[in-house]
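Here the chain labels run A, B and C in written order, and each chain numbers its own residues starting at 1.
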Amino acid sequence: MRLIGILVIVFIAAPLVIVVPMSFSDARSLQFPPPGYWLGYYRAYFSDMNWLLPTWNSILIATATTVLTMALVVPATFALVRHRFAGKSFADLMMLMPLAVPHIVMAVGYYSFLGDLRLVHTHFGVVLAHTCLSVPIAFLVLSANLKGFDRNLERAAQSLGASPVQTFIHVTLPILRPGLLISALFAFIQSFDETVVAIFISGRNAETLPRKMFDSIRQEADPVIAVISTLLFLAVLVALVAPFAWRGLRSRLAESAPRSASPAGQ
Amino acid sequence: MGATISRLSEKPNLWPWLLLAPLAIYLAIFFLVPLIDVAIMSFTEPRLSIANYQKVLTGALYQKVFLNTFMTAALVTLACLCVGYPLAYLMNASKPRTAMLILLLVTMSFWTSFLVRTYAWMVLLGNNGPIVAFLRAVGFETPPQLLFTRFSSTLAMVHILAPYMIMNIYSVMRKIDPVLIRSAESLGARGFSLFRHVYLPLTAPGIANGCVLVFVICLGFYVTPVLLGSPREQMIAGLIGHQIEEFLAFGMGSAMAMVLLAITLAILAIYHRRFGLDKLWG
Amino acid sequence: MHQYLQLNGITKTYGDFTALKKVDLTIEKGEFVTFLGPSGSGKTTTLMIIAGFEKATAGDVLVEGKSLSGLAPHERNIGIVFQNYALFPHKTAVENVYFPLQMRGVRRGEGLKKADEMLALVGLGGFGKRYPKELSGGQQQRVALARALVFEPSLLLLDEPLGALDKNLREQMQIEIKRIQRALGVTTIFVTHDQSEAMSMSDRIVVFEKGEIQQAATPLEIYHKPQTRFVAGFIGESNLVPARIGDAAANQAESTALGICDYAPTESAVTDGQDVTLLIRPEHIRLSRNPIEGRKNVRMQVETIVNYGDNALVIGKVGDLQMRVRVLGADVVIIKEGEECCISWQPEAVFVVPR
């Protein structure tokens, strides 16, 4: 059992580990282990508009998608978690549907639909499509958070003299903040990583990074991909480890400093 | 309990509808209409008929692709289970620190863009890659072609989808009370019978969850089979993309998409009746 | 009597289910009143109606003669301590206590100072900068109390606030809450299902059952003169004997198991032939080998003896009737399980429960 486990760990870890040395390789094509090391492909990435533009497009599209998704999902989640009404279970189900439909099916639909609207190959078109795909993910995260929210906190606030609006601003929102942030982060990543729909509808104008990577892998297997992979990998690592590091740092600070520090900065 | 019913919900009111309306309208326009578009195109392109479906359902090429897709999805699901179950078990049985590290690795793999992971397999399995080099070193004069075969795409898909399986099974396993296992042991269950009568039934929901998820994602998988697979052994998603991109055959592409959608939804509907769809991604 | 808080015919229905039936109650200023009852008896619903989180189907709540019915919860000026404390996790203890002042437009500096003073009053001086999760259950409880009191509410409502604490802490907090309540003189309603808590803390106990008030009286009255069978059974240990009034003038009742039985003079009007319940507290019964002169004696078959060290509970049968007797630990050696013995009491120990 142990041996199988270790083999599985190697199987999972190997592809993740291999891209980092590849990005420093000086070989012209896929060769591992690399014959030599240099930073050339990093320079290539950061000076090539063919790579930087899609990166920028992706950031732009993912950001807009996140904003639009949250604007739609936050009120809807409150309605679905906090209220009971006829057709609620159907609405719950509909929220998840974009997750159930294979992306290739949506890609065909968007290709034709956005084409009719003259939105194909535009940033706006990609944002509209990505928002649909991000909705269920943001909803799942946020509704789990909202279900765990203790309504007595809001009751307490009201009994203490806070109007419904004040309650929302001073109590509901700050307590839900981590859930909202994670929900937004998931929406962002969903859009940033989404490949299939982007391949079909982003065109050259709104080309996203995954689309560019896909084309590049398909055509020439440009080693710059290893650089991007390493950078993306690093971003994930930071995102995963940062909360732990931050918590550790904070508790260490809290231990070393007396409890006189102003709580205003929290 | 009466105390938990909010004052607002006692009388029917417009609040929930008002809050829900923007998203409902948005999804209706930008999610449902495109889907309906696909349905319409499958019947009207190039002209109004059911010819597309006849071709998709009876044509030898398409049948082969559907069969190939199903076989691959089943194989990937099985492989994910074989890979995921032991690892989940190992995580559950090891010290919190070790379990934490493995979980970090799995999560990291999960969050790494699957294009990155697909690319990594390209490197690993490539003709200048370490596996071929290893095979040469142990005496294969002409190592077999690994890349751009069914093997490479299946392997990469297993790698990409295994985290779904591992996380699903692990989350169920972690909830099993160790006292339950100990009491089963005290009642005489050991080895395989302990696994068969105690562990397996208790982890079944996680297995079902993981398998449905992996299978369904695999059915519609586009990127990895296209990049790593053999052009002669396409899967449905790849063929749909091919029809649209190469031939602009929207009718055929749409008809295939509808069949793929129908199969996917049928599987999810069965799951929904049994467990509830919200559990699948929860 | 100064009627500070008045509940006038409060009724609450959910569809076909009636949670509260015409609840009438008046509470004096500064009084500590406990709502006691099993879960689902309507005590929490009544509390939520007073606080404004639930709307009564019928009836009205008045404070100093003014109706609260048109006011939203945040306009009622009522302090509440919830069962799970409901402290804001993103605010420190002192910020929690400052919150109601902040909502009332008190400036931060002044408000925090007042909050600090309030924390000191509940015995948490110096803990202000901690977050709720850095405080123990008892400390969180005190913060919740300080927060509910700092804005000088017209009424303090406590919804089973001690339920989550362990036994020792609970007793300590009972004394603490009582002390603070006396010091501030705030009119208080305390909801609990724990009768000993109700006994030890209250000026008055209101017993709820099935959405109705069974009895509202001082703890001693509730214990010694329960007005309904439910109250007699719910409060303390009891032997409830079905009987019929034989001779109301002579204070005599008849019971199948006990025969003719004298009872203590009762204030409630009973008539000959009326079916009643007789209440005899286990600690008022004496156990002996032989009958004792001047007391009502019956023979009991001893079935079970539960020893608690300082005292013991003897359970036995008088005919078909099960009886419970509390005896001092030293006395229990005189009998064994399965033996027959004599139990006796004085007429004053027998109370007629009218309903």
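Here, contacts are C-beta pairs under 8 Å (C-beta built on N, C-alpha and C of every residue); 3 or more make two chains touch, one makes a residue touch a chain.
Since the structure is predicted, the reported quantities are computational estimates derived from the model, not experimental observations.
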Farthest-lying chain, centroid of Cα atoms versus that of subunit B: C
Closest chain to global C-alpha mean, per-chain Cα centroids: A
Distance between the centres, which are taken as Cα means, of subunit B and subunit A, whole angstrom: 19
Subunit B and subunit C, separation of their C-alpha mean positions in angstrom: 58
Junction residues of subunit A - those touching two or more other chains: none
Residue numbers of subunit C (touch at least two other chains): 53
Where subunit B touches two or more other chains, by residue: none
Residue ranges of subunit A touching subunit B (in the complex, touch as defined): 1-2, 4-5, 8-9, 11-16, 18-19, 22, 27, 29-33, 71-73, 75-76, 78-80, 82-85, 88, 91-114, 128-129, 131-132, 135-137, 140, 144, 151, 189, 193, 195-196, 199-200, 210, 213-214, 217-218, 221, 225-226, 228-229, 232-233, 236-237, 239-241
In the complex, subunit B residues that touch subunit A: 4, 6, 8-9, 12, 15-20, 22-24, 26-27, 30-31, 33-35, 37-38, 41, 83-84, 86-87, 89-90, 102, 104-109, 111-124, 126, 128-130, 159, 162-163, 216, 219-220, 222-223, 226-227, 236-237, 240-241, 244-245, 250, 253-254, 257-258, 260-261, 264-265, 268, 272, 277-278, 281-282
Interface residues, subunit A side, partner subunit C - complex: 150, 152-153, 155-164, 166-167, 170-171, 174-175, 177, 259-261, 263, 266
Contacting residues of subunit C [partner subunit A, same complex]: 51-53, 72-74, 76-80, 82-84, 86-90, 92, 95, 99-100, 102-104, 129-130, 147-148, 151
